[in-house]
Amino acid sequence: MSSRPIAVTASRTLTIAAWIAGIAVWAALPWLLGRGSVDILVFAGLYTIAGLGVSFLLGQCGIVSLAQSVFYGIGAYSTAYGTTVLGWPIPACMLAGIVVSGLVAMLVGTPVLRLSGYFLALATLALAIMGHVLFLEWDWLTGGTLGIGGIPHLSLFGFTLNTPFRFYYFIWPCAAVVLWLHYNLLRSRTGIALRAMRDAPSAAKVAGIRVESLRVRTFILSAVLGSFAGSLFAHYVSFVSIDSFGIDRAIGFLLIAVLGGARSISGTVVGALFVTAAPNLLSRLGEIHPLLFALLLIVAVIFLPSGFGGAFADLWRRLGGSLRPTVKDGTP
Amino acid sequence: MVLSLWIQAILSGVTNGFVYGLIGLGIAVVFRGARIINAMQGDFALLGGVVAYLLVHNLGWPLPAAFLAAMLSGAVCGMLVERLLIRPTARRQGTDDSYLLVTLGGAFAVSASVLLYFGRDSYVLPGIGGDQSVDVFNAAIRVHALALIVIGTLVVIALRWFYRGTRLGQAMLAASIDPDGAQTIGINVPLVRTLTFGLGGLVGGLAGMLVTPLINLHYEMGLLLTLKGFAAAVLGGLTSPFGAVFGGLVLGLVESLAIVTVSSGYKDVIAMTILILIMIVMPQGLFGRRGRMGG
Amino acid sequence: MTEAADALLKVRNISRHFGGLQVLRHVDFAVPERSITGLIGPNGAGKSTLFNIISGFLTPSEGDIDYAGVRITPLSIQQRSEMGLMRSFQTPQVFPDLTVWENLIVGCHKHGRSGMVEGLLALPVVWRERRAASEAAQRILEDFNLGAVSGRLARELPAGQQRIVELARAVIARPRLLCLDEPSSGLSADEVQDLMATIHRISKTGVTILLVSHDMELISVCERIHALCFGEIIANGTLAEIQAHPDVREAYLGIQ
């Protein structure tokens, strides 16, 4: 490592300044924007969490998952059913959703994740379809097409989070925590094992990495994120129905991963912002956003293989900085 | 009579089986020629159905002409997909995932376009022999369904002849097994690849116009057909058109019998479970020996 | 054939067929602890298959592998690795998108215990493990002269250096038996000389080495060599003995 103390300090100060400015802008936005826009930003936060699950799985394990909509739904319905029908406290319901999602991910993942490539991706698509159908059929649990309404809002420090404005200041710190956790993970023993496994599975096995188990655990993590986001979603909108948990939702989450750059954690935010803002901006043209998303998926795969996040990271690296969560010289 | 219920189940199972088989056949054709799983195959069928519908309803074309147009539009679409989606991906180091994502994107694009133009309703296309059915032991099967089965069988036979007896067919096989070798003996590999997708599209369009009178046109039908067709193709070993149809039959019958015993709402769940089970337990299919399974 | 009582690795009567093709036939040999043992044979002799069986990538059709007194035939690759049985690959398997430094850190994986939860929460154990891994990596960097390239992505290195990185990564894991599969493939003559020196150095630290190669220069580092031909051991001895052995000469010259 070369030592250029002045340049290092300067770039460090700049980074800190940028962070402070960024947070200030973030905090100010709801005061400057209308309710509709803040609502979009809230969804961007929710989708950042769910999308990170897909993104992490794709970027670190190379697994294309279209099943995130199922876990999003499990989280939403668990908390909806638990609070409205069973009368359980919200945290218990959300936890139940997470546990169920984790179990499903483990049970389904263990056999299915041994597949690879096409088979695996199409298997997750099959799971998405199965989930959607089951949500429809099990209407005693989900309310079917009628959905479940009257889901209580979250309440924090005495504030009921029943407006976009309030939820905004809750969801983004949540998303930030989730992002920070993943950033930690990447720099840990498990994180580097994931990347090793992705790059050269045979060598990873020789290094003692239990590849199959790691894949399943990452899938479970992804499902937990989806479920968590789904539960928060239910408490935000207060009404859930199966329309929110179909294939287009699954495609949207995948698009977040592809657009944001699967190997970039912060890129997920960009992807999520895009996926939530675009349909709204285009709504006057009719239901055109599914087509746009599809075309974007194609374009992103062909021209932007590392997504916006990756392109940004490349640019940043060329300017001399480094965003890679590298495990360096014993420094934490 | 309970027997007629079972016979009805078998008849619909066979019919559906041929439907899945026809889609699976298209997947097998593309995989055989290009070693790529075409996630758009069901949407080629959707496109074929849409074209046929528009020609018949809006322009008043006779059914046979519309059918031909559907096949042609499928072929053109297939070739466009190869040029616009597959080739750019290949040029940029396409991995299995990239091809899958790109064809999935194409599938979603078709589905979204149909949604945009047609909305969420279902549309009915008239079939061969209109709505007439034939009675089989108190169970009924539509004339169109019989036509589908017959045509499907003919397609399998035609493909067999194509791959074994024609130069283009042989070239397709050669280009997929050993592209470099094929290039050196004068086969225009890129052109052959485009034609492979064209053939897949043709078969897809054909499948579409045969299928839509039975299941009605709907913007979401493509993806589900693709998955079921894929299941059929895998059962058949992924490279064999005959195997795909056979696999489709197995799938259709199992699905149909399961519906009779369980419930019709779970039809797709059952089919998807079968697909996943096949991939895990029998990825080489009932006939396949080697091949790049599992991606 | 010969079997030393203190052998670290005992290949017992290993046979392997693929469909109708018999690739290995009752292969039987032993690798003494702390030795450098070689395995040679013409292409198609079954060396890679045997290697894959020893390292756990393939199961034998018949026979067993004993390692450190334990029957490891049913054990997985990772389990064997944990017991100190590691291998390299014919094409250097480095982690291309990781830096050389990170490649070495992966090598320390077995020495850690933290899992996903600890990783997410950045618990102290993760920090401690990384510290220990960093110290080990620093030492290995110096031993193998990789200091200058430690920050480079592994895929940017020439093949010779990638091979060194791969070996360094194996050594950092403190192996007991290191199986090297055609380590000189793709290397220049100079690089092969470096490799031989490296192998000697590793052996001096007490690591047992089993080396597969068709490179006669490289194989000269071995104390004892077993010759494999058409799936059978046809000779064993020092390099001089092997080169003089009539069956070996026939196998090589007959084919060439």
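All chains are identified by letter, namely A, B and C, in their written order; residue positions are counted from 1 within each chain.
Quick note on the criterion: a residue touches a chain if its C-beta (ideal position, glycine included) is under 8 Å from a C-beta of that chain, and two chains touch if they have at least 3 such contacts.
Keep in mind that this is a model prediction, so the values were computed, not measured.
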Contact graph of the chains (line, ring, star, complete, other): line
Furthest chain, CA centroid comparison against chain C: B
Distance from chain C to chain B - Cα centre to Cα centre, in angstrom: 48
Length of the line joining the C-alpha centres of chain A and chain C, rounded to whole Å: 41
Where chain A and chain B are represented by their mean Cα positions, the distance between them in whole Å: 33
Residues of chain C whose C-beta touches two or more other chains: none
Chain A-touching residues of chain C, taken from the complex the two chains share: 55, 57, 77-78, 81-82, 86-87, 89, 93-99, 101-102, 105-107, 109-110, 112, 114-116, 118-122, 126-127, 129-131, 133-135, 138, 151, 166, 169-170, 173
Interfacial residue positions of chain B with respect to chain A in the complex: 37, 39, 85, 88-89, 92, 96-98, 100-102, 104-109, 111-113, 115-116, 220, 223-224, 227, 230, 265-266, 268-269, 272-273, 275-276, 279-280, 283, 293-295
Interface residues, chain A side, partner chain B - complex: 62, 64, 111-112, 114-123, 125-127, 129-130, 133-134, 136-137, 247, 251, 258, 286-288, 290-298, 301-303, 305
Of all residues in chain A, those that touch chain C in their complex: 1, 181-182, 184-185, 187-193, 195-196, 199-200, 202-210, 217-218, 221, 326-330, 332
